[in-house]
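Here is the structure we will look at.
Order of writing sets the chain letters: A, B, C, D and E. Residues in each chain are counted from 1.
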Amino acid sequence: MSDPIIRIDNIVKRYGHLTVLDGLSMEVMPGEKLALIGPSGSGKTTILRILMTLESISGGFIQVEGEQLYHMTKGDRLVPADERHLHKMREKTGMVFQHFNLFPHKCVLDNVTLAPMLTKGIARADAERRAMDLLDMVGLADKAKSMPAQLSGGQKQRVAIARALALSPKIMLFDEVTSALDPELVEEVLNVMRKLAEETDMTMLLVTHEMGFAHDFADRVLFFDHGKIVEEGKPGDIFRHPTQERTQAFLRKIIAAGHRV
Amino acid sequence: MSDPIIRIDNIVKRYGHLTVLDGLSMEVMPGEKLALIGPSGSGKTTILRILMTLESISGGFIQVEGEQLYHMTKGDRLVPADERHLHKMREKTGMVFQHFNLFPHKCVLDNVTLAPMLTKGIARADAERRAMDLLDMVGLADKAKSMPAQLSGGQKQRVAIARALALSPKIMLFDEVTSALDPELVEEVLNVMRKLAEETDMTMLLVTHEMGFAHDFADRVLFFDHGKIVEEGKPGDIFRHPTQERTQAFLRKIIAAGHRV
Amino acid sequence: MIDWSGYIGLILEGAWVTVQLTLMGSALALVAAFAAGLGRLSRFMAVRALATTYIEFFRGTSIFVQLFWAYFVLPFAGITLTPLQAGVLALGLNVGAYGAEVVRGAVKAIGREQREACIALNLTRRQAMRHVILPQALPLMLPTFGNNAIELLKGTAVVSLISLTDMTFQAQVVRAQTGSTLIPFATILVLYFIMASVISFGMRWLERRATRGLDGVRA
Amino acid sequence: DENKLEELKAQGFARIAIANEPPFTAVGADGKVSGAAPDVAREVFKRLGVADVVASISEYGAMIPGLQAGRHDAITAGLFMKPERCSAVAYSEPILCDAEAFALKKGNPLGLKSYKDIADNPDAKIGAPGGGTEEKLALEAGVPRDRVIVVPDGQSGLKMLQDGRIDVYSLPVLSIHSLIEKANDPTLEVVAPVEGAPVYCDGAAFRKGDESLRDAFDVELAKMKESGEFAKIIEPYGFSAKAAMSTSREKLCAAK
Amino acid sequence: MEWDWEFVRQVMPTLLEGAKITVLATVLGAAVAAVLGLLFAVVRMAAPAPVARVTSFAVEFIRGTPLLVQLYFIFYVLPDIGIRLPALLGGVIGLGIHYGTYAAEVYRAGIENVPRGQWEAAKATNLTERQTWIHVILPQAIPPMIPALANYLIAMFKETPLLSAITVLELMNQAKSIANSNYRYIEPMTLVGVFFLIISLISVVFLRFLEERYARVEERR
């Protein structure tokens, strides 16, 4: 068995007096598909944002592909990472946001090519060729010249996925990527993600409230509560036979609210 | 059998060149609970807003309790209603919005008492007594002095329901009242509405994407598409044996997106 | 008989000075606004402090005081400016200080989400600013820049108090020479209004161009 | 500075400050500056070998600071010589002399003939240019500050008098005459000269330190007075050459 | 020419006298502007079309032309049609009208910023138009406007030196008068600058306070 691609070691995250993550540890193997579920405010988004270096951490260590994420060695001491180190580490990871966060002033194609051209110095022609492949993959090749404002929510989110993929990250993070969409548009995005999960060996971490999708998609489900992992296991086990009281209560509520598991 | 409380007769609604409602007719019996479902943009919200007189109509007639809503007789001719007539007719109807639209500068209690005091001249003490009963009914008596900003989405929506009930309308309109809520909070609002449907004989029109709830709640389901009623019937029939191709396609999509019927 | 055509000609000469002051002042203001506005968002404490000092100083003291200093006090420091230079300097730096806040506000208005998307795509701060933030911030700035340009135009009337022969000053001269108050003042009021209208018309045109294809983005 | 004149010759012009006050200064419809003060200055500088003068119109109060700040080479504006001013700038010999005058409503309803009269009448308001001789005289005569209205320019003063905002407007005799003439207003009259007010003369004012330039200016000015050229320039504007020639800088600067 | 403290001490009382007038003109001008601004805004939003259009044009015209020239007009031209205002009053009215046109924009933005849902909720609870304005719209519209209005108050304060053109003896005019009779510009002008700077710095703190206080109101929506 290979080494974990992500090793989270006892990290702590505080906002002022509020402790959001309280000594969290976990490991993710290369190629693993992980679903993070749990009640609102339990810290699911926070852990993704920390992996994307959008937040700082208050304590603990994270290794990605065996390298420290928030630290670097100077002589024989570990010191906080500088911008240069973070920049290098960010190459490994991509993220898709709940609200897409497309660049509204650039057409779909430019949204996808901007980062490869700027960060990797890829020539426009090459970047566009690859972008068209990706847009084709998410079923939007014909929208390459549209502006984001002209797309539906589902289309925007598919563009956002293509944009993140354009940098060929090893790890992809998805934070409730369908929860801002009209119910009818959810499916088209989930289809793209299903295809992605099947066809690539990328490592994927997914925060979602779509239990049905989490079930089909994930190799492993982590149930979060109050900044801790309360329960984890194969989706079939967690959803059908949760052992923890909190997990049971949460699933009951979600089901009562009309969601299918 | 009694007369319909609402009779909609061939109404047309246009925005510029876009025809949103195209010769729609329907009747609602007193005490009936109606669910309006259908794809986005099909005109469900529009028909509720027209009944609440938040929009004007481009053609057709509406009668509420046998009186014209948008027209009045002058001599022996029907003329467009003036503000005075609309004001009188609005007394019969209350509406709860998707985004609550509470008055943010007033506390929960004042939100509920404002309209009865201003429109019916009810004394503050009486208005507050009745408001407390209503807040008790929606389970928020202890929040009477809170400001809306201090409430969760589900609590806000329950206050909005109490506010609409405070005017004792004969007809209540609900427009996707749970779709702006976190999944965990949906249930508390639906519970209040279930109770309401059982305990009162108010006429209720409900636009929703929660098929499960529509099923339990409604006496009759109307399926809208492109500003027309495509199919209608008892919830059990519509959901389990839709006869129209459009209805079948819509339900398939919704189910695929993870909603329970 | 008063030679009105001649005196109106004098006022038009003043109008030309006013136009020059407005154009050059706006150019200086634009440069100062971006330098100081972005300076205030810098990572470096010293740059922020410098930008803040400039902005607060020029927004804090009155344009009159700034003009009088540029004209009467700077020479004692060995810097003698022509009245036109002094006027452009004071007006440009004054309006630039207000513009700096507009630049800063617009950049900050391009929300956290866009910045985070840039980080997730591994753009550097410079790249994010240049390719993502500024192109979106610019259309937000334009309407206020238009108002600032009109403020600057109106501010040029003040330079008549330091004897720069702008439109208002020439109106004063014509008034002294002809004894008529109504005609010169009514004339310049209309001229100022025309100039202001040209500015706001031009700005609206620019704004339409800059927001093309962005419809609905800020809904 | 000793070489000032050479510098001016080399650059071909001298910068002079003038006021916006006929007949000391006049601006034609073509924008050309004339009037008694600039005309004399232009002629003297020409004789000194400085081809032209560039005139900029300035407030009275800003003239001396402007001179000190190096904005002008000379002031030729009807800035009357007075002891304090003599210590602030270097004056030439006298050029334009004038007494003070009042413009007031026809029939002089308040009976004002001197600054003292104004001080004694608690209802009387006087308008005068800010930092000018008239403001000083009024204050010295005991008119309280709130009854001395600082008026930005002659036309404004006249208008305020017509509108009844002030009861009397004080300027040099010739300025008042020129104003009243343009206004052509039968409801106004002039009291000239003001009783008890001294006759004043202006001179071209130079920066302290430019005395050599001033001395050269004096030499040419004296020659022009001698030849009658001087009278020919200023008398058409109403000024008296005799008045200027019968006094001297020394006397005026010493006067109390 | 160097700095003379003795001279500073001498002229201080006169300058303070002027400062009093400056503050007075600002306060009165602000009051006029606040009232006129609301009037302009409401007329433009609610009056019959012709009236609204004429008002709009007048407002645009006033906004597009310099206050200085407007002051000359009020003081030197209006008497020709029989309106003779005392200098300070004329100044206050000039400031009030000019800044009223700015305030009008602020009011309009404030009112338009109240979400449409609030109008609809008011209708759904059957409030009349008047009741909606008084109980729902204005109480929400006004607090967020306060910082923007205060901003214009400060801008107006800094434009009071223009009143010297119409003979009001405010701070700037006093300073000029001192400068003129003593031939010293550095001290009085610097003191005026310092005075403006101090007041402005204080008002920046005050503004931050207002912004914080009323921004919170806005967030609650």
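The definition used in the following text is that contacts are C-beta pairs under 8 Å (C-beta built on N, C-alpha and C of every residue); 3 or more make two chains touch, one makes a residue touch a chain.
As the structure is a computational prediction, the values presented were derived from the model and not from experiment.
J.: From chain B, how many touching-chain steps at minimum until you land on chain D?
T.: Steps on the shortest route: 2.
J.: Compare the CA centroid of chain A with every other chain's and tell me the farthest one.
T.: Farthest from chain A by mean C-alpha position: D.
J.: Can you pull out the chain pair that has more C-beta pairs in contact than any other?
T.: C-E
J.: Any idea how many Å lie between the Cα centroids of chain B and chain C?
T.: About 53 Å separates the centre of chain B from that of chain C.
J.: Taking the mean of the C-alpha atoms as each chain's centre, how many Å separate chain A from chain D?
T.: 83
J.: In whole angstrom, how far does the Cα centroid of chain D sit from the Cα centroid of chain E?
T.: From the centre of chain D to the centre of chain E is 39 Å.
J.: Could you put a whole-Å number on the gap between the CA centroids of chain B and chain E?
T.: Computed value for the inter-centroid distance: 47 Å.
J.: Pull out every residue in chain B that's touching 2 or more other chains.
T.: Answer for chain B, listing residues that touch two or more other chains: there are none.
J.: Provide the list of chain D residues touching at least two other chains, using ranges where the numbers run on.
T.: Touching at least two other chains: 59, 62, 65, 69, 159.
J.: Out of chain C, which residues touch more than one other chain, so two or more?
T.: 72, 76, 161, 181
J.: If you go through all the chains, which pairs of them touch?
T.: Listed by label, chains in contact pair as A-B, A-C, B-E, C-D, C-E, D-E.
J.: Would you pull the chain D residues touching chain C in the complex into a rising list?
T.: Touch residues, chain D against chain C: 20-22, 26-31, 56-59, 62, 65-66, 69-71, 153-155, 158-159, 179, 182-184.
J.: In the complex formed with chain E, which residues of chain C make contact?
T.: 56-57, 59-66, 68-69, 72-73, 76, 150, 153-158, 160-161, 168, 171, 181-182, 185-186, 188-189, 192-193, 195-197, 200
J.: Would you mind writing out the residues of chain E in touch with chain C in their complex?
T.: Chain E residues touching chain C: 1, 61, 63-70, 72-73, 76-77, 80, 158-159, 161-162, 165, 172, 185-186, 189-190, 192-193, 196-197, 200-201, 204.
J.: What part of chain C is in contact with chain A in the complex they form?
T.: 113-114, 116-117, 119-124, 127, 131-132, 135-136, 213-217
J.: Would you tell me which residues of chain E are touching chain B in their complex?
T.: The touching residues are 115, 117-118, 120-121, 123-129, 131, 135-136, 139-140, 217, 219-221.
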